[in-house]
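The structure under discussion is supplied below as structure tokens; questions concerning it will follow.
As written, the chains take the letters A, B, C and D, and residue 1 is the first residue of each chain.
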Amino acid sequence: MIITLKKETPQQEINKIIAQLETNGFKVVDIVNDGVHILGVLGETSFLEEQNIGANHWVASVTRITAPYKKASREFHPQDTIVDVNGIKIGGKEKIVIIGGPCSVESKEQIMDIAEGVALAGAKMLRGGAYKHRTSPYAFQGLESTGIAYLVAAKQKFKLPIVSEITTIDKMEEFVANVDVIQVGARNMQNIELLKALGKINKPVLLKRGLSSTVEEWLMSAEYILAAGNSQVILCERGIRTFEKATRNTLDLSVIPLIKKMSHLPIIVDPSHATGHWELVEAMSLAAIAAGADGLLIEVHNNPQNALSDGQQSLKLKNFAALIDNGRKIARVIGRDI
Amino acid sequence: MIITLKKETPQQEINKIIAQLETNGFKVVDIVNDGVHILGVLGETSFLEEQNIGANHWVASVTRITAPYKKASREFHPQDTIVDVNGIKIGGKEKIVIIGGPCSVESKEQIMDIAEGVALAGAKMLRGGAYKHRTSPYAFQGLESTGIAYLVAAKQKFKLPIVSEITTIDKMEEFVANVDVIQVGARNMQNIELLKALGKINKPVLLKRGLSSTVEEWLMSAEYILAAGNSQVILCERGIRTFEKATRNTLDLSVIPLIKKMSHLPIIVDPSHATGHWELVEAMSLAAIAAGADGLLIEVHNNPQNALSDGQQSLKLKNFAALIDNGRKIARVIGRDI
Amino acid sequence: MIITLKKETPQQEINKIIAQLETNGFKVVDIVNDGVHILGVLGETSFLEEQNIGANHWVASVTRITAPYKKASREFHPQDTIVDVNGIKIGGKEKIVIIGGPCSVESKEQIMDIAEGVALAGAKMLRGGAYKHRTSPYAFQGLESTGIAYLVAAKQKFKLPIVSEITTIDKMEEFVANVDVIQVGARNMQNIELLKALGKINKPVLLKRGLSSTVEEWLMSAEYILAAGNSQVILCERGIRTFEKATRNTLDLSVIPLIKKMSHLPIIVDPSHATGHWELVEAMSLAAIAAGADGLLIEVHNNPQNALSDGQQSLKLKNFAALIDNGRKIARVIGRDI
Amino acid sequence: MIITLKKETPQQEINKIIAQLETNGFKVVDIVNDGVHILGVLGETSFLEEQNIGANHWVASVTRITAPYKKASREFHPQDTIVDVNGIKIGGKEKIVIIGGPCSVESKEQIMDIAEGVALAGAKMLRGGAYKHRTSPYAFQGLESTGIAYLVAAKQKFKLPIVSEITTIDKMEEFVANVDVIQVGARNMQNIELLKALGKINKPVLLKRGLSSTVEEWLMSAEYILAAGNSQVILCERGIRTFEKATRNTLDLSVIPLIKKMSHLPIIVDPSHATGHWELVEAMSLAAIAAGADGLLIEVHNNPQNALSDGQQSLKLKNFAALIDNGRKIARVIGRDI
């Protein structure tokens, strides 16, 4: 950590700051540049907070040099983490995992129908929302426990592990008992209590990036789960909020090679929520695979125009099958497969 | 709601779309402009979702004309809502309410000391965090129940109602029993389950705007609380996330007159989190008052450089007192007071 | 265009607004929904400005239904525009065109060396900046005319058409005489006088997207060039400005399929400026090809760490050659080639 | 400047980097933290570019400690710059200067009428656009030289210095001869050639902040003008582009106290372009004054609904007069005046 002091700081205040840091176990190097003192603070600075050091009125700026996360960083853990979901592996050089299904579970028939379709198309897991987080209190809020039960029925019949989103801690038991990958939605990426609870279970967690979360914050949220003891975290890029409104969000594919550099965790992409338009989903899926994504999370519906949520971004089954075929060819070019 | 169809849409598909809307109780006006059909949909469209209508592949675009919130809108409720907190009124033409206190409750001495200081300076309520939502798992996470107990002790001694942030539903009982205004933090603005639970209690709720939430989404979150039966909602602007990094966030003061136009709910401002620098807090506080804010939520610390969180943005007590004095003069110019 | 009036608008004001629109040649359909008048304005509304209609104090909102650009829209011009640069074709189903070269021309040796390298690697055009637009007045500002002369020498020797950025209108003659594709930088995307001047020449123009420009604004800038008579416009996505600082900008690849839907113009991608890190360039290049880009503009340097500008994002020649080889395989998967 | 090297950097590479910096006249302090070399670079680092240092593949990150601008910084020039426009002073503790007028000059009658009105209301300068920068090629592009002539006529009759926007260098002579404050619009904030040319004249320049420009970039643009010899620069905040669309832009008032800290240049605010809605202009004007702005640039029209540009954000004369009256009271509270 680098602390730059204001030019007018008296020597006695400089001494006090250095002494306080040394008392806390840090080594301090004091560099003077044109009358300005720059303090290099050495040691385990991930526990120091910029905001508090900056509270000293003699401090001009505080700059962190090392990442504030540890367990999520590649430096701490150089080899790729490969998450195993009932035998399906995600990460490293494993096959790219395609997860398909509707935004919301709407009925048993609907989820059975879609599950059969995505399995035939080549998907390896089934997604479906049972507890929904909707912007409007007047929108469909999900089938809740009934939806989970329908997902379990589909899982048993079509041998597809299931991914579903948890929205509150009090459903943890239900999710651990029934769901194979527990999804944390973008709006809950910094629901700290939920992250802590997910750190204590032994189930893969799919952690979506928050709408306006930096990569560092995203890895800090993963760190909450890892630090509490659960190492099975899959990151999921789903678009960030920008000034551009022609797409629902702006899909940030550059995080794929970036995360691979910074972290050992697998990263998948949700092009459906990111773009908000089914017509853009295939192009963005192929791009994600070419960029090195470990998987895709795609909305598929047997009847998008009567979907109870997010129909506009859902693919029909035949388009989903075509996407997988094309994606497989791209995957093979870069030395992987689907 | 206005639905624009693609130019090539066959007449029979147009008829189907119109029939479906009419079956759902809407009236449809079909306008043809240069071969393009534009459907005006009349009726209670706040229950219609753009995403689902857009799922029809013949639909080019969907535009909402009326606000998707009802109870939060000024049209629905033209007179100002005035929230009463143990006799202190917020909103309308009432006095501007100053709420001061530390980011985190750190010890009994600390909160007692600060409470006495803010009361003397002219604050009408005391803020303090007991359950903290920190980006890093390695940061101080709050004194929890002990912190609430210390706040209650300060409240009793200095006659200041207390404001504190709730982070999970399972603490609701503790908050209802002890806290006077329950704060929802920016990261929880769309924690839908929490909003629903807050709608069922009879306590004022201070709803912070999410880091990247639009005004419409913010009012939709208020709508969740109002729709569930609790009408005591205070909105709080605390800065949004933008590309600018010279301030912690970008304080969006234009929402003050905008919210006054769109909604009847009171709106206050938190210049401390918004700017992240104590040196900018007074200027932004005076600006907020001049723009019509109903209150201010300000971080104050008796010893900012040893604060356990957010010291850099905390005012010392004497600066806080000066801010109130100057703010009072501005308030009087615009026909209010502190 | 849809004009929604305020509920309290008197009938006589409604009549005045309608009469004024009709006088200007528009047809107006007046729909009443729950007491609110919604006016559908039919005709050539691309010449109407929302801001001016919104100035009427009885107007609640104005919504544009049809795109404000004409010549740039696919509706106006359904077949793909293919730009021909000395026999090299960009757009449609043509081969993907790779353009490589340094950020700045630094010396004759440097540009000759790089030109030879990019030609050998398979690039079809050479890029290089002679007039530079730098944020700092203290940074290297380019070799200017000498730089253009060096580019021309490289072009003649290696048979590579050249791409270079124009920064002021008064250099137009020099650019038309010497450069094969005239680049408009992101900071000049809305330099209207420059766009108008480029509309009057007969040379391909490479129009970069502004740092915070919407797709609609970008197409409006293309419209300036097209409307003035020059139909040879190539769009170039180079990253937008967002809150994320781990990459220099956020590369928005979803604009590739989006532009293909909205417009007939070719679109290429600059992954070097977008990411700002050479280590992310190959992954983003492959992703761009997979998403359907018509070309790539890539920074290549023979000695990146001694580059006079933007060295951090420049590829070495051998990495550039590898990128083209891998890109070609992706291109073939999607039915194209390099 | 702080350069952090990758952990695996060989000692010989470290030596090379240090030697190269020392050859260029810098002093280098090498700090080792947990095996990582952190180089503190001392000397005039404003001429060093992060991008080029980062091009060395052993460099992990580069952090600038001192501002890259000199002449615009308060450190370089501690006393406030006060710009004198024909005797009207802007900056320091001078009176707050109100500049009013239409977005575009439309006719002699219009500008005379508005000039009279704004003078009576208490404005000290007249604004009006003659050369317009419009997003659409089909929008009104300004009266050009005729517009300047009308402004000059208004200036002579009502003794109001005039502010107008320059859009290309080739009009410089006309502007220097006729206009009292030459405005650089947001889209031209980084039109470097224009900035250099403005540095060579002896006239005040009003430099608007770019739509997505950081405070640092804005000061770097001012630096171009100052470095070329013109010290009369007035900064103007006019809103930045964010995800929020309920206002035209997001007015960032926190830059007022921030600029006062970082720089000696005067700063004024344009609440009309920032909000885009006349109903929000007064509240934001009062807020800007309370925050310490040195002036306001406000759109006023005698007939907003027939304005040829930006009518929605224009105030009527009587509202403008009320704004000045209320603004004066706020100004006096903070020890200034209008």
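Here, a contact is a pair of C-beta atoms (placed from the backbone, for glycine too) under 8 Å apart; a residue touches a chain by one contact, two chains touch by 3 or more.
What you see is a predicted model, and the numbers here were worked out from it, not measured in a lab.
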Name whichever of C-D and A-D has more C-beta pairs touching across its two chains.
C-D
Which chain's centre, taken as the mean of its Cα atoms, is farthest from the centre of chain A?
D
How many angstrom between the C-alpha centroids of chain D and chain B?
31
Once you find the CA centre of chain A and the CA centre of chain D, what distance in Å lies between them?
39
Please work out the Cα centroid separation of chain C and chain D, and write it as a whole number of Å.
26
Residues touching two or more other chains, restricted to chain C: which are they?
212, 241-243, 245
Across the complex, what residues on chain D touch chain B?
212, 214-216, 240, 242-247, 250-258, 261, 274-275, 279-280, 283-284, 286-292, 326, 329-330, 333-334
Spell out the residues on chain A that touch chain D in their complex, using ranges where they run on.
2, 4, 7, 29, 31, 33-34, 36, 38, 40, 42-43, 61, 63, 65-66, 75, 212, 241-243, 245
Per the touch rule, the chain D residues reaching chain C in their complex are 46-47, 49-57, 68-69, 133-139, 167-170, 187-188, 190-193, 196, 211-212, 217, 220, 223-224, 227-228, 241, 276-278, 301, 304-314
